[in-house]
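What follows is a single structure, written as structure tokens, with notes after it.
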Amino acid sequence: MNTMTKLGGVGAFAASALASLPLWAQEAAGPIKAPDAAAMAGMVDKGDTTWMLVSSALVLLMAIPALGLFYGGLVRTKNMLSVLMQVFMIVSIVAVIWVVYGYSVTFTGGGAFIGGFSKMFLAGVSTGTYAATFSNNVYIPEYAFVVFQMTFACITPGLIVGAFAERIKFWPLMLFAVLWVSVVYFPVAHMVWYWAGPDFLSDNVTDAGYLWAMGALDFAGGTVVHINAGIAGLVGCLVIGKRVGFGKENMAPHSLTMTMVGASLLWVGWFGFNAGSNLEANGLTALAFINTFVATAAAALAWVLIEQLRHGRPSLLGAVTGAVAGLVAITPASGFATPMTSIVLGFVAAPACYFFVSYVKSKVRYDDSLDVFGVHCIGGIVGAIATGIVADPSLGGQGWYDYTVFPAVAGTYDMGAQVITQIKAVAITLIWSGGISFILFKGIDMIFGLRPTAEDERQGLDQTSHGESAYNM
Amino acid sequence: MKMIIAAIKPYKLDEVREALTTIGVRGMMVTEIKGFGTQSGHTEIYRGAEYAVNFVPKMRLEIVVADSMVDTVVDAITTTARTGKIGDGKIFVMDVEKALRVRTGELDDDAL
Amino acid sequence: MNTMTKLGGVGAFAASALASLPLWAQEAAGPIKAPDAAAMAGMVDKGDTTWMLVSSALVLLMAIPALGLFYGGLVRTKNMLSVLMQVFMIVSIVAVIWVVYGYSVTFTGGGAFIGGFSKMFLAGVSTGTYAATFSNNVYIPEYAFVVFQMTFACITPGLIVGAFAERIKFWPLMLFAVLWVSVVYFPVAHMVWYWAGPDFLSDNVTDAGYLWAMGALDFAGGTVVHINAGIAGLVGCLVIGKRVGFGKENMAPHSLTMTMVGASLLWVGWFGFNAGSNLEANGLTALAFINTFVATAAAALAWVLIEQLRHGRPSLLGAVTGAVAGLVAITPASGFATPMTSIVLGFVAAPACYFFVSYVKSKVRYDDSLDVFGVHCIGGIVGAIATGIVADPSLGGQGWYDYTVFPAVAGTYDMGAQVITQIKAVAITLIWSGGISFILFKGIDMIFGLRPTAEDERQGLDQTSHGESAYNM
Amino acid sequence: MNTMTKLGGVGAFAASALASLPLWAQEAAGPIKAPDAAAMAGMVDKGDTTWMLVSSALVLLMAIPALGLFYGGLVRTKNMLSVLMQVFMIVSIVAVIWVVYGYSVTFTGGGAFIGGFSKMFLAGVSTGTYAATFSNNVYIPEYAFVVFQMTFACITPGLIVGAFAERIKFWPLMLFAVLWVSVVYFPVAHMVWYWAGPDFLSDNVTDAGYLWAMGALDFAGGTVVHINAGIAGLVGCLVIGKRVGFGKENMAPHSLTMTMVGASLLWVGWFGFNAGSNLEANGLTALAFINTFVATAAAALAWVLIEQLRHGRPSLLGAVTGAVAGLVAITPASGFATPMTSIVLGFVAAPACYFFVSYVKSKVRYDDSLDVFGVHCIGGIVGAIATGIVADPSLGGQGWYDYTVFPAVAGTYDMGAQVITQIKAVAITLIWSGGISFILFKGIDMIFGLRPTAEDERQGLDQTSHGESAYNM
Amino acid sequence: MKMIIAAIKPYKLDEVREALTTIGVRGMMVTEIKGFGTQSGHTEIYRGAEYAVNFVPKMRLEIVVADSMVDTVVDAITTTARTGKIGDGKIFVMDVEKALRVRTGELDDDAL
Amino acid sequence: MKMIIAAIKPYKLDEVREALTTIGVRGMMVTEIKGFGTQSGHTEIYRGAEYAVNFVPKMRLEIVVADSMVDTVVDAITTTARTGKIGDGKIFVMDVEKALRVRTGELDDDAL
């Protein structure tokens, strides 16, 4: 889904050329450069199309109900619906925006930092247009690509709301989400994921997003999704301030059952997120799938072991939090690592996140209600940087491929340089998202106010913001 | 008439109910409560945040009986609810001036 | 899945001919007419087979747990299990019936209103028989088609139970479900969805269901599923009467959390329902998928905005109800509209349903417990009629294709005429289902009684009908 | 996935040869014997790859959240998290083990009872290696096979915990799970499912697991998964003893809502389990899918009818228990039966399980908390033996195929002999798993103790073992 | 002052509350309880295991009023809560020595 | 002995509990109740159907103490539970004739 998946692409190409190319192409001297739509139509495999549609459904599943339940179970009963509502409506609003201008500004050329308006309202997209994958001469229906990318845009701002759950007004938050995707998510996604495609780049080597061109590796969104949302969450909870009664009153999760269901469905859905990011269904897709599975398992285990050592008892909340930390950390690396290096990554990510969630937070005493920063930002950073290591072919990693030549060839891997590049990409994302998010939160707070009255907060947002109760038993 | 209020361990409820029925008690009101007393609660840790749960779940029984039955009832509860461990509970006796059965309007002892 | 998907079919054909046809077919002069089973075997793409199986699983997910939870969360605790039980057992019973005679009477020729008994007990269906799609020379394993259609038959009667939830006896309801699918669902599905297939129709142009032949467009079941069930629900709640305490006692939903989970899973599963209805995985499938996504999002947003205007507060129940209204409305149009016209359709469907749910119902004072009529019937009608508009190629729609010639060609689109046809199809469905359902409800009520005693209803159906409690906390 | 699926394989071959084989193979004289990796690369269909990845996700869904909720809803509130935790962590730990040595000892040759260590840490597995299916010359990426099989290893020990729920210590249980998969699951899976593959066996007819070679038919794991886990559960609950208050105190399920959600998701996920076991997406896969659907429906109906007769009321718990019994029973037969014989199987399995769950258990008075033995072991036995009957081609069954010749040919079916073979396989599994499980439970109990103190058990494992509460409402 | 404790059928709560408001009662405490009495419970069967549920859900009302109002209140409850079926409930009257309104510190009758 | 019954705002429970412990109260029974009084409830709208929720969640405390301690306890509750806003709650004092500790059989003041 970005430069590191160039490798993915060509790994795929190497692995499944015979299968993925139409016969005439095989009989011919190899792949065709810059095919036209008619030719592309012959380069579509229905197995890929099916995989991308399934993956899109899985990513929606991650947002609703999974993320809603994972977060909602952790708040107090009186705020359950407010969290579910925030996630549900962010998905709905962003989906509409995506069709109107999001897809266009993210996935058309024009600049290194943002695309153009040529595909607003999906102009020019039809059942007869196709999107490139990471393999030469392998295409998928453009609508499948549009909807897959849409699900990413829908869930990312939803991740942020956990940081200031239980104390935010609904409409100002929606406004924030609209502005945030427009000036933070779309540009960052463009920088990391936009490029001309493997059959076209060689003729126009500059036609790519800024970070993509820089060579940053992010298979499924460590920077674009998790660091991006994680830092925005931290900024938000600092601007908004602590919950009434924070540190004094008991704020225990109202239903860890719902949190476990959410975490489990996140795990299941994440396969669409990570393995789907390969844009086709081949051996590399299977690798991304198994890496996602085992890194998560390892991180859950690691978190539980830490709790056993520190408190003498492992908790379910610890297990699922570890699992999510693992999912976040493997996201950028899922298409580059091996199952074994993925396990190591999971074992490393868990303690890092644990340290911020259970130690740093209580020391610094900021009220990141549901640990968006501690899990998503920290886990994302660990994963993004580690990607530079695990991707090294000398560790069995998939390395990277050079699409500036046609057909793409493997590039020579320099771990040190790659790690530097990864760190740069992380820094740029932190600054871009952190800075702009601060401006947005401050601005909205000054103009409309972000926070409900203390009375309303005490009574709970379900009744005061939405006029309902989650349970009437 | 007297109202006997007792706080007991939840899992003793059925036993106590049976004991009371056998000695002729025909009704009671039971409430799930949080008890606070010598018996200590427990602590829960969520992502490192510790919460002390100072209350212990108990069952609160309210039984209104004729004066004559008070001692029998108190004994019955004491013997069945007792485990000898801290937290067995308490029994309180209070005076009831009037009782009425909604269905029939019967009063006092007839209402029980 | 019916005539309007002829367009789908050929849209697909146009779009993915090279991919979807075996090479020899391409090298030859084009598709083959009336292929035999051996030839069909070469016209199966495993990507399509996978997509149909996934879609079938997704539609089952819609019924259980999704529909059960969406409905169950809205009833009072004491009736939770009764609703879950009704949906679960309707699915189970109808699945058995489908294999015994449902598939045969629905999907074999014989008449314009009902099929024959030649495939009872799935006689003649094997791993070596195939079902046609909407593209010439594209086939799927017949078992995949049987099970996909089975899931539609299983969920449709389940939709009805919401209209008289909390006040119906279990076995009489099961009897109703059995009779209803037999004399209402199977015939209507046959009328709308049965036809000889693209490689055979040209030789036998009359071999199709009544409404199919009439040219009604219903991509995934606006008439067959939603109007059909919605009107039956209204009739049922009128025959059965209001709940004890209706209008006096507080009947607030016992768990909006469960309702949100149900709605979210309905959304996810609905992709199998709508996009699966294309019977193969191509660009048109992706279009149906994204249309389903954005129409739903738009309707959720619209409903929430209406609540904000009317009550000054948006509710989660409003958001999910709007989403379901959008899903219902886009169902018949999903393979015909563009993403933009889908958004418009969502914005139109929401207020229409809102009007019936929050205004008409309270004025007329019928007790449609869970708004089966207000959401499914009204949303279905709006969608079915709007399909005639959004399908117009002049609006970017997919138009319709003429399968009476081989290979199929695009037909000339007359919006006015098409809208009339759509209205006819709606009217026929309303009359057929409404009328027969009334007879069934009345008959069962007279013979066995539909309603439990007031005492049992007060205590709740979970304890009185099923001898259990949903929660023992 | 084992010998009976030889038939599956060849059924598939017969059915979809034209589709599943690359054209040059068709143009040539037929399938190629012992292809090398490069050739295999051309024998991969992305539709199959997609199906296997989807199936893997579905099986994970079965474990978390489905199994966790199905079990968790049945325990008392105070033990909810302990059950969720046990299932979640068993999945996590076993996933790691699978990569380290599980896959290697299960799916490499070496012996009839256990494989070798050549693929430890997945050595030699890459995006360019492939796993065989049951069709000649049809391959899938090996990583897809590794992860699909991994999900089976992850869920099986999770099934066991239901037998002694509410009264076991966490870490000793984890230790048991680790040892049990190592000395029970991996060997049994190797015995039943390991073989050289259709393009290689003919040159090395002895290269297969013991039970596979014996000709036992187990399409998706009746012996390996359900009997294996079911008997281990019985042994466990006998070794550990009854719950405090068993038979005296009310132990009603704390949330049948969660149990219904779990059962429904089990049903949905089971399609990946059963139909996925065909390892490719063809007509036979669709058959396994529909068989799974209708056997489950029939068993749910049967159970409900029995309850109606015995208690005068059908219960939701009965419906879902019947459904699971049907799912278990059809598992070994799913790729062999017809939909009609599957319905019969469901109708037979339900009463058998009912008898053990509601009658035998209370007579013998063992405390199998969640009926792991009564449902999984009994249902598994019924299914395994019945497979010998329903697989008979004279009943429309798929028979079995002989892979010792190349390409594979249909073997002559002897129902009597096959049933004997099935019984043998059942007996061997019962003895192997029952015996070793006993040793493991006893050993761990003596060394670490399996059971918490009576005080802790009374207070509930959530607070005493994990320091949390499932609900704070 | 007196405290009137009443156990009534849950669905009668709103009616009773309204009746009491109309006669001038300005406050009460309501608790969901499990009632035990002549009215029998029901049995539940889970996978063949039978559990007798001996308790019936009831609403428990506590109303503190000036002595003068006791009879009016008792009558109001009796008439509205009565259905004539077993399980209508009971009313008990007990003495209250002191009442205080936390917000203002007002005492006794002024506190009600 | 006296039983002190107090209805307070839920979030004040921990504060009050601490205040009472410091003045030597060694036990209490706490019940989650629905309070009805001057403090108004709220309305909820579900698909256009409006429901007035007339009750406000409160915590009900029952503390049995020796007569000598009554005033201290009442004061402690009043000062900690008071916010000055409507709905702070009420305190009622009633007489208790007998108290008993189930575990030991100790009576009256010794039982507390």
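In order of appearance the chains are A, B, C, D, E and F, and numbering begins at 1 in each one.
Just so we're on the same page, a residue touches a chain if its C-beta (ideal position, glycine included) is under 8 Å from a C-beta of that chain, and two chains touch if they have at least 3 such contacts.
None of these values were measured; they are calculated from a predicted model.
Q: Any chance you could name the chains that touch chain D and chain F both?
A: Touching chain D as well as chain F, we find A, B, C, E.
Q: Report which of D-E and B-D is connected by more C-beta pairs in contact.
A: D-E
Q: Let me have the rounded angstrom distance from the C-alpha centre of chain A over to the C-alpha centre of chain D, please.
A: About 33 Å, centre to centre.
Q: Measuring from the mean C-alpha position of chain C to the mean C-alpha position of chain F, what distance in angstrom results?
A: Chain centroid spacing, chain C to chain F, equals 54 Å.
Q: Between chain A and chain F, what distance separates the C-alpha centroids? Give it in angstrom.
A: Their C-alpha centroids are separated by 49 Å.
Q: Of all residues in chain C, which are in touch with two or more distinct other chains?
A: Where chain C meets two or more other chains at a single residue, that happens at 23, 45-48, 50, 54, 250, 252-253, 255, 261, 311, 313, 315, 317, 467-469, 471.
Q: When you check chain E against every other chain, which residues touch at least two of them?
A: 14, 31, 44-46, 94-95
Q: So which chains actually touch one another? I want all the pairs, not just one.
A: A-B, A-C, A-D, A-F, B-D, B-E, B-F, C-D, C-E, C-F, D-E, E-F
Q: Inside the complex, what are the residues of chain A that reach chain C?
A: 22-24, 38, 41-50, 52-54, 56-57, 60-61, 64-65, 68-69, 72, 80-81, 84-85, 88-89, 91-93, 95-96, 99, 121-122, 126-129, 141-144, 146-147, 150, 170-171, 255, 258, 261, 465-473
Q: Name, in rising order, each residue of chain F that touches chain B in their complex.
A: 1, 3, 14, 17, 26-31, 62, 64, 94-103, 105, 111-112
Q: So in the complex, which bits of chain A are touching chain B?
A: So the residues of chain A in touch with chain B come to 250-253, 311, 313, 315, 317-318, 321, 357-359, 361-362, 371.
Q: Which stretch or stretches of chain B touch chain F in the complex?
A: It is residues 2, 5-8, 31, 33-38, 54-55, 58, 60, 74, 77-78, 81-95 of chain B that touch chain F.
Q: Tell me, which parts of chain D touch chain B in their complex?
A: For this pair, the touching residues of chain D are 245, 248-250, 458-459, 463, 467-469.
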